[in-house]
Every structure is written in structure tokens, then in C-alpha cells.
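Heads up: the structure comes next, in C-alpha cells.
Chain nomenclature is as follows: A, B and C, assigned in order of appearance, with residue numbering initiated at 1 for each chain independently.
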Amino acid sequence: MTNPQPLTKPLASYAHSRRVGGLVFIAGQGCRDPISDVWAGVKFDSTGKPVSIDFELQAHGVLKNVKAALLAEGLSLSHVVDVQVFLTDLERHFSTMNKVWNEYFKDAKNLPTRTTVGVKELPGLNLIEMKVIASAQLDTEF
Amino acid sequence: MTNPQPLTKPLASYAHSRRVGGLVFIAGQGCRDPISDVWAGVKFDSTGKPVSIDFELQAHGVLKNVKAALLAEGLSLSHVVDVQVFLTDLERHFSTMNKVWNEYFKDAKNLPTRTTVGVKELPGLNLIEMKVIASAQLDTEF
Amino acid sequence: MTNPQPLTKPLASYAHSRRVGGLVFIAGQGCRDPISDVWAGVKFDSTGKPVSIDFELQAHGVLKNVKAALLAEGLSLSHVVDVQVFLTDLERHFSTMNKVWNEYFKDAKNLPTRTTVGVKELPGLNLIEMKVIASAQLDTEF
């Protein structure tokens, strides 16, 4: 299966996804755009210094990257079974994350489990990162 | 299988548990009581402001919620294969967490693996959260 | 299968590894040496107080412990399918971690997925910890 959408360049020798048994592990996805190589929602000043970050745009950026990684395996968000959400400022961003989350995960029969924690740091300018496990054989719930 | 125990209300559209293949993923469990909707171990003053949190009661509350989520899948703690423990103050609470942990996980033949990290924040008034993966087919170790 | 290498003593009643279905879960591995029981890369003064920690030696120590835990299951790093990396100072140590990582994970056909987050604290004197999931049936990619 070919992937029509580009994937973010890994920062070391790891894979975007690994299929084992009926599970598909997806590497932690931040919001770096695979084409521009820039984090979603970041505004820079004329010297290239970041001056503001829009968390909501970042949350959409992360889920866009998750979708692309799933698509490379022939899967979609409906195949996701478990998600870990990492936020650098949980108190400030938790409710916005939930709002964006609910736009993407709507199928009441196929909702994933979720675990959200507030971390000290994420790579680059990410305020949010998601770690996803999907099922390759959703229909049968083998 | 019906669940005789109530489960904490999710904060967004995610599932308490997902069964895929022989594995059962459990959503991250804090210590919010499913009936009172209040975090375990928290004392409030007359204005409703939290004034103290008893970590040990919280650890028991988390494991009570984990057990309820497992029971909804017809499982018990003996089916747990992997646990991530998140603490907001690892240095202070690690030894108490280990003490409580050892009360729940005693079956030397079926101990889960465990990973403990100290995080910056957890949702609500939780000082501890656990992410659990269980096996639905423990006896056979299929 | 017997394990010729010693494993670090667990801090509570959990297992070093658990095999379920085709997956093998490994407990979070820090860099404590299983023989000396001392964290890798730490220098102590004459009173036993730690005075410096070499992160690069710690990263190697973690991967040495991961390899020992895999070996106890008859597996090697080539069976690893998913890794979570926890760093206490991501900004300072991320690039060194990537450098060490790339020395251990080279087989382009069998790279694991990876998720790296910066945490507030790790147990003991660990600046790095890894949580690993491996596949017991790699060749067939069952």
C-alpha cells in the first residue's frame, strides 16, 4: 500500500509505524509539518525566533500527522485502539485538547482508550504529542 | 458481561477499555470516585478549596478504579501484564506507591511489568495515574 | 531459556518481562548496573554523594539492561517494535540520546517506533529510562 501523504522526517533511526500481530504501533507524533518541516501554529519574528504558538492548531497538526502515519498502513482513526497524550501545559491546554479530540473521535462503537499526562518537555516546539496503537483487524475484533 | 461497579465518567469521547486480539487496553485511571465524582484522599475547606491530599488513599483509589475497569471486561488484576505509573512527585511518593502496589500485586507467577515516571501534571487533583494493559487469555499464555 | 546475564533487582513486585501472545513487554529500564547496583555514569565523592553524571554512559547502561531483559526471553534488540524514551532533561540530552540510539538500532528493516518525552523525575539517579515492547515472532511478522 502506498501512502499519498508525506510523513515527517524521523529525528533518528526509528520507524513511523510497526505492524506486529494485529497491532500497529505508531511513533510519537508531534505537529511538525512534513512538507515545510515547521511546527504547526508557530509564528516567528523577522529573525526566525518563535514569538507565539497556537495550541489548537498544534493539536490539529498532531492528529493530521497521526492520520498520515495510519494511512501509510492502510488504516484510519477508526482503527485506533489506544492513545497516550502528552501535554507540556496540561492545566492550560487540557480543555482545548479535549475539544479538538472530540472532533476526530466520534464513532461511539470504536473509541480508543486514552491516557493524558503533563510532561516537562517535548522535542522541538511541540506543546502536544500523541502515541498511538491501532488495530489492523478492527472489523472482526479478532 | 455486565459490570456491577460504576466507572468514572470519561472527560472526552474515549473508551474505558478496548479489547483487541488477546489484549485489553485500559484508559489511564486516576482516583476520581465514580459515584461521588471526587478524587480520593482530598480534604476540602468550607469554601470547597482542597486543603490536603492523602497520597496513599489516592493510590488505593486508582487501583480500585483499575479493578472496576478490568471487571467490566470480565478480568481481574491477575490479568494485568503491563502498567505505567505516573506520579506528580516521584521523590516523595515512590516508596508509598510501592507499598500499596505490593498489596495488590502478589501472585508471583503473574506479575506485570511496570514503568514509573515522574510527570509535571496530571488531570484534576490526581497525584497518581496508572495506564494498564491486560491479557484476556491469561491461563493459556497463548 | 536461561539468561546468562544478571538482571537489575526490581524495586517492587513486578516482572522484568511478560510474554503475551506474540508480544513481550519489558519493564521500564534505567541504568542501574545489575551487579554493582549502582547507576551507570555516576561519580561519587568520598562521602558517597553523587557529584557528576555522564549521560552518554547512562544511555549505554539503559540499553545494556534492555538487551539483558530481552535476552532473558531469548530475544535481541532486533525484536524490539516500540520504545518509549523518558529523559529528565530533554533539551540537553536529546541529541546525545539519538547518537547512542543510532549505534544500537541500525537494521533498517526492523526499526522500532519511538516516542520521546521529557519528564520531571525518574527513580533514583536515572537521567534516562526506556520502556520496550518486543515481538517474539519477528521473522514471520505474523
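In the analysis below, a residue touches a chain if its C-beta (ideal position, glycine included) is under 8 Å from a C-beta of that chain, and two chains touch if they have at least 3 such contacts.
Owing to the predicted nature of the structure, the values given are computational and were not obtained by experimental measurement.
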Given over half shared residue numbers means same and under half means different, the chain A/chain C interface is different
For the C-alpha superposition of chain A onto chain B, the rotation angle in degrees, rounded to the nearest 5, equals 120
Between the Cα centroids of chain A and chain C the separation in whole angstrom comes to 24
In chain B, the residues touching two or more other chains are 21, 23, 84, 119-120
Within the complex, chain B is touched by chain A residues 21-23, 81-84, 87-91, 94, 98, 101-102, 105-106, 108, 111-120, 133, 135, 137, 141-142
As the complex stands, chain A meets chain C at residues 10-21, 23, 25-28, 84, 86, 119-123, 129, 131
